[in-house]
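Please find one structure pasted underneath; my questions will follow.
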């Protein structure tokens, strides 16, 4: 055996992208979000903030999906259901006069986690495309349930009296305050997901994605880890739903159509799978492109569609792959 | 025999009308290297699947370390000390060789429901994993993504992963398949080194390896054990010659 | 001559219901064009955006209209769920929202808002027309058919407000259902005196054609709202002839302004205008009158009062606003017909309500 | 019949074949020998058009084949038993055999009954799916499948891996009979001793180059070759 | 709930199921057999309907229109295959999802660009219009019977094609290991291209067949695409037989559920509550059915063994 046969433990790390790439892109992304309001102050501030807030909310939703899709190969086609659960938690409580953000948030997260636990436990019995479709089924059931809730507006949805109250005060009312609250949530989710992915738990999750039988043969029960990840992802997406309701001050079944779930998948793949910040970039690219293109022509989808195709054909690994900043 | 570490009692498995394993009764003694040979399609791999828990048995019992493990999941059996390798290489191709092994170490050391802390920097896991890689001569390949290893190296990795679960009993399904002379000699040496420290059930078609390593040999034909005994006994058995060895071994 | 007037049109311009948005856009633009590109004598800039029928998209885009484009008025939307979403951001910003179609009940009663005007109707009213007609004609047993969503359920409630006979069956189909064969089988089996349906867009096209194919059109009277109109007739064609609907207008309404409008619209867009175009056209005229009478558009109170006066000649004839910002107007029973030139349109059969206000207006306590 | 000259192939940036030249004459059995990872399978892949060689030439019966799609090359008369079995998992045994069967060059020598005769085990498992075969059965199936295309030149890459000694002997026996019929064969295998009496000539590959070439007699006479290149 | 009604509704369910099958069959072929997730399958259905509408308007005859629409749909599928899809076969499923999603966006808008946003009109062909009495007092539209017949024909044809022809075997083989198939002398690319075109044509055929009874409008394929996925998943991906049975099951459950859910619930609940729950439940039924089937049979009813 030669001299590198037993490297020192410090050198045992898996090869990684250089630190600049690893941390550079996410730092840039967050810096851009943090500074955007300053730039926005020059123009239509409320509009730009609202647009970027929407981007960040969808980034949270997409990132939560990336956690199970990119790292666990669990393609959920019903992920928008959690957006709906989070939003309806706000809407339903508010319509009964409970406007405390804390209570609403707890309800949103709790309900999302519970829904994820129950449907996940059932869905996990299946694999691959069957998993895709059974999650769709649960998403659709919830969607139809929401449309039949006449007391809460049915298909028309319901308007919130105001944004959720923090400590009894309307602290989230201002566009700036809300923007930074959402940015805080995004950062929090990102750091949490980063940590989870690198942790022991995340490693098992990734392993189960590559070869579940092998994982069993070394003593893991992948089911429990995958279910755990599913619940976590659902809960985070519930947070996104909570924020979405507050941003639009409106709640509607339209938040949880299958098209929305599909868009979330598209956003994740577009940005670059299994990188977390890829989901943020994907959300930004998707929503901003939509906004910009639709400003030019009514037929903007005839430009947007082919763009997506080109990304797939010529940029493996989504936008991140195109930037060459992909790793992991 | 009371001192058997693994005892199979009347194990059966059928796929449709095909009885793949048929009333297999077998004892494996602690510390021995027990080879199972037999024609292609005799049910050897299936038997390993049954013992390791990958395939459910139709009937019969599996006693391991004096406990009935017939109904346990694969993961539970691993935790009790039963490890296996796969005939068709089964690794995590996107993970480095080291991480493949480190995961196996992780599986039995502490909870894996930890959401924080970078697992790939856990010294304890890495150092132990490294030692298993070194045992199979892959120390210098630790940080290569395992999908890029050569066929023979993958077979070695497969073995290292099994070792990392710190098994009492190793089930090895054709560890030599596809390895060249040089590499297969190395694997045989490794096995020789493991012998005595672990109880090993070895499936192989390489008769040189089998007869030089095994303490005892069982012969499986059409799902039934037709002979068990010391290598020279089995080699001389005319039934075995007719069904499996042919004249090559003569 | 003041500065430019800015108007944002927020309409559904993509997806299956895009026709409705297009009709409204065209109607509005036609009026502006006829007025020489001006509203109230001032230059006008019209910014059109597509809400994609997604409430959250609409919220962001409407903020763009209000804050980036600094519009004085938002005209829109087509659908009630979008109205629910954009109502607050627009009115809170002190901008006027004028709806050329959606007139949800939430904003007609307790939730009325001084900055919101429906230039169309309250959603229930066309259904009420159908219910009233059924009652007047003495139908005893009526079969109701609607998509299973909020607007559908509201429609049924609207119908029942004036109809006191027996409802044989309230049949709900999934939204975007396109095949009515099984409903029609049920319907035929029930043998009602009449059927009432609210089946907008492509659903209405299919229902009407299948109703005709099943041979029911000549047996059971077909009452409807938003089902047989100028947006669906091009696809329904002969199948719809003779089918009845409730409406506040029809292209053949006999006023000089209306005749000129229909002729101009057909010339410009090669299609018969529907009520969506008419409402949007009226909205432009309404804005014209309001802008003309105020000096300073930032004087919201003056603008509000000017709009509320509704000092313009509506294509519908009589038109005024109630205290809740919803119209008080006449309603008609209309019938689909083929014109001599081969095109299809709805035509007025009879007036059902005169100067009719909606049922929620009494709950509106204007704050200002 | 088959002439390979100066073949060069890379996987991405990694060059694996530097200079491979040899030929197989009609009716001959030729082996490719070499340790693990020396480029034998890569050579076969390059000949078959499964990989894209970037230099050199492959000529079969006077037709240049390099750069042609794989199916053209196969249609020209090359039949492959690939490394690692690669039977079609979702097809039954019988379907695996007949799906790509062909008789492009006159009356077929290999038909379903003949293949079943060669491998009775396959006949027993004829309606099993490919994925439900044992490793060895899959190997037999791969051989049978290649024979069913009635190739002029049969290429076997590790065709006896994982086979029981008895079956392995049978396959050698089968090759011997094929050779007797005048079948040209290119074999890669680890068990050289069985191959020496069977093959006419041997080509030893070392790190992407031909390191030694010669007849069975020459190989038997020169033990240093085995020692140096094959570590036997 | 009379028996006549039950029979009629059952026929309607069958007819709906048959349409679903026509779409699902192409999808299951392309997806199950070639392992390619083609979300654009729904727009191919839409394109078929538009082509039928356009050609019918042009020739004034639905039969001729259909005859022209089919090869055009095939050609259209082939063009898509060559331009886009063939570059995606060896890609990840998710890449395929993204790309075909882009195709959906484009085509949905493109038909609007070409034919306008308003629904198009296609008359029922003269000879197939009207109803026949299939039992005393039981009238049923001839055209719908024709759809059922056409669907059954296609089902039989497909089943034979996939399971009992060399082409079928080769396609299945190519799905798992395309290079190997070509190394055995088969031009797998061309074969895939044909399968794809054939699948597109089937979807187009379904679209053309429904054009006279349903309105032809942009986006008409989107919801059917989802239902088609439901069907092939219930049936077991890649199984034509499974798709057939599942399509009929979904068609029947949906149709009968919508008509009778409230009636059945009335046995347990009071009338108001029953119709309300029935209404809420009816649209969920097929999804409940799918979830239940996948719960007990995680790979569908007729899993293709791998």
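To keep things simple, chains are lettered A, B, C, D and E as they appear, and every chain counts its residues starting from 1.
By our rule, a contact is a pair of C-beta atoms (placed from the backbone, for glycine too) under 8 Å apart; a residue touches a chain by one contact, two chains touch by 3 or more.
To keep track of the chains, here are their UniProt names: A, E = Branched-chain amino acid ABC transporter permease; B, D = ABC transporter ATP-binding protein.
Quick caveat: nothing in here was measured; it's all calculated off a predicted structure.
Number of steps on the shortest path from subunit C to subunit D, with steps defined by chain touch: 2. Common neighbours of subunit B and subunit C, listed by label, are A. Considering every other chain in turn, none proves to be in contact with both subunit D and subunit E. When every chain is reduced to the mean of its CA atoms, the largest separation from subunit E belongs to B.
The chain with its Cα centre farthest from the Cα centre of subunit A is D. Counting C-beta pairs in contact across B-D and across A-B shows that the higher total falls to A-B. Rounded to whole angstrom, the centroid-to-centroid distance between subunit C and subunit E, based on C-alpha atoms, equals 35 Å. Inter-chain centre distance (subunit B to subunit E, centres taken as mean C-alpha positions): 48 Å. Subunit E has its Cα centroid 32 Å from the Cα centroid of subunit A. Residue positions of subunit B with contacts to 2 or more other chains are absent.
Of all residues in subunit A, those that touch two or more other chains are 148, 301. Contact with two or more other chains is made by residues 109, 112, 279, 283 of subunit E. Of all possible chain pairs, the ones that touch are A-B, A-C, A-E, B-D, C-E, D-E. Interface residues of subunit D, counted against subunit E in their complex, comprise 48-50, 69-71, 73-75, 79-80, 82, 86, 88-91, 95-96, 98-100, 102, 104, 129, 131-132, 145-146, 149. Looking at the complex, you find that subunit E touches subunit C at residues 2, 4-5, 8-9, 12-13, 15-16, 109, 112, 116-121, 124, 129, 131, 139, 141, 143-144, 213-215, 217-220, 223, 255, 258-259, 275, 279, 282-283. Within the complex formed with subunit B, the subunit D residues making contact are 35-37, 84, 121, 125, 132-137, 139-140, 158, 161-169, 190, 230-232.
On the side of subunit E, the complex with subunit D involves touching residues 166, 169-170, 172-173, 175-177, 179-188, 238, 304-306. Taken in their complex, subunit C has these residues touching subunit A: 13-14, 49-50, 52-56, 59-61, 63-64, 66-70, 80-81, 84-85, 87-89, 104, 106, 111, 148-151, 153, 175.
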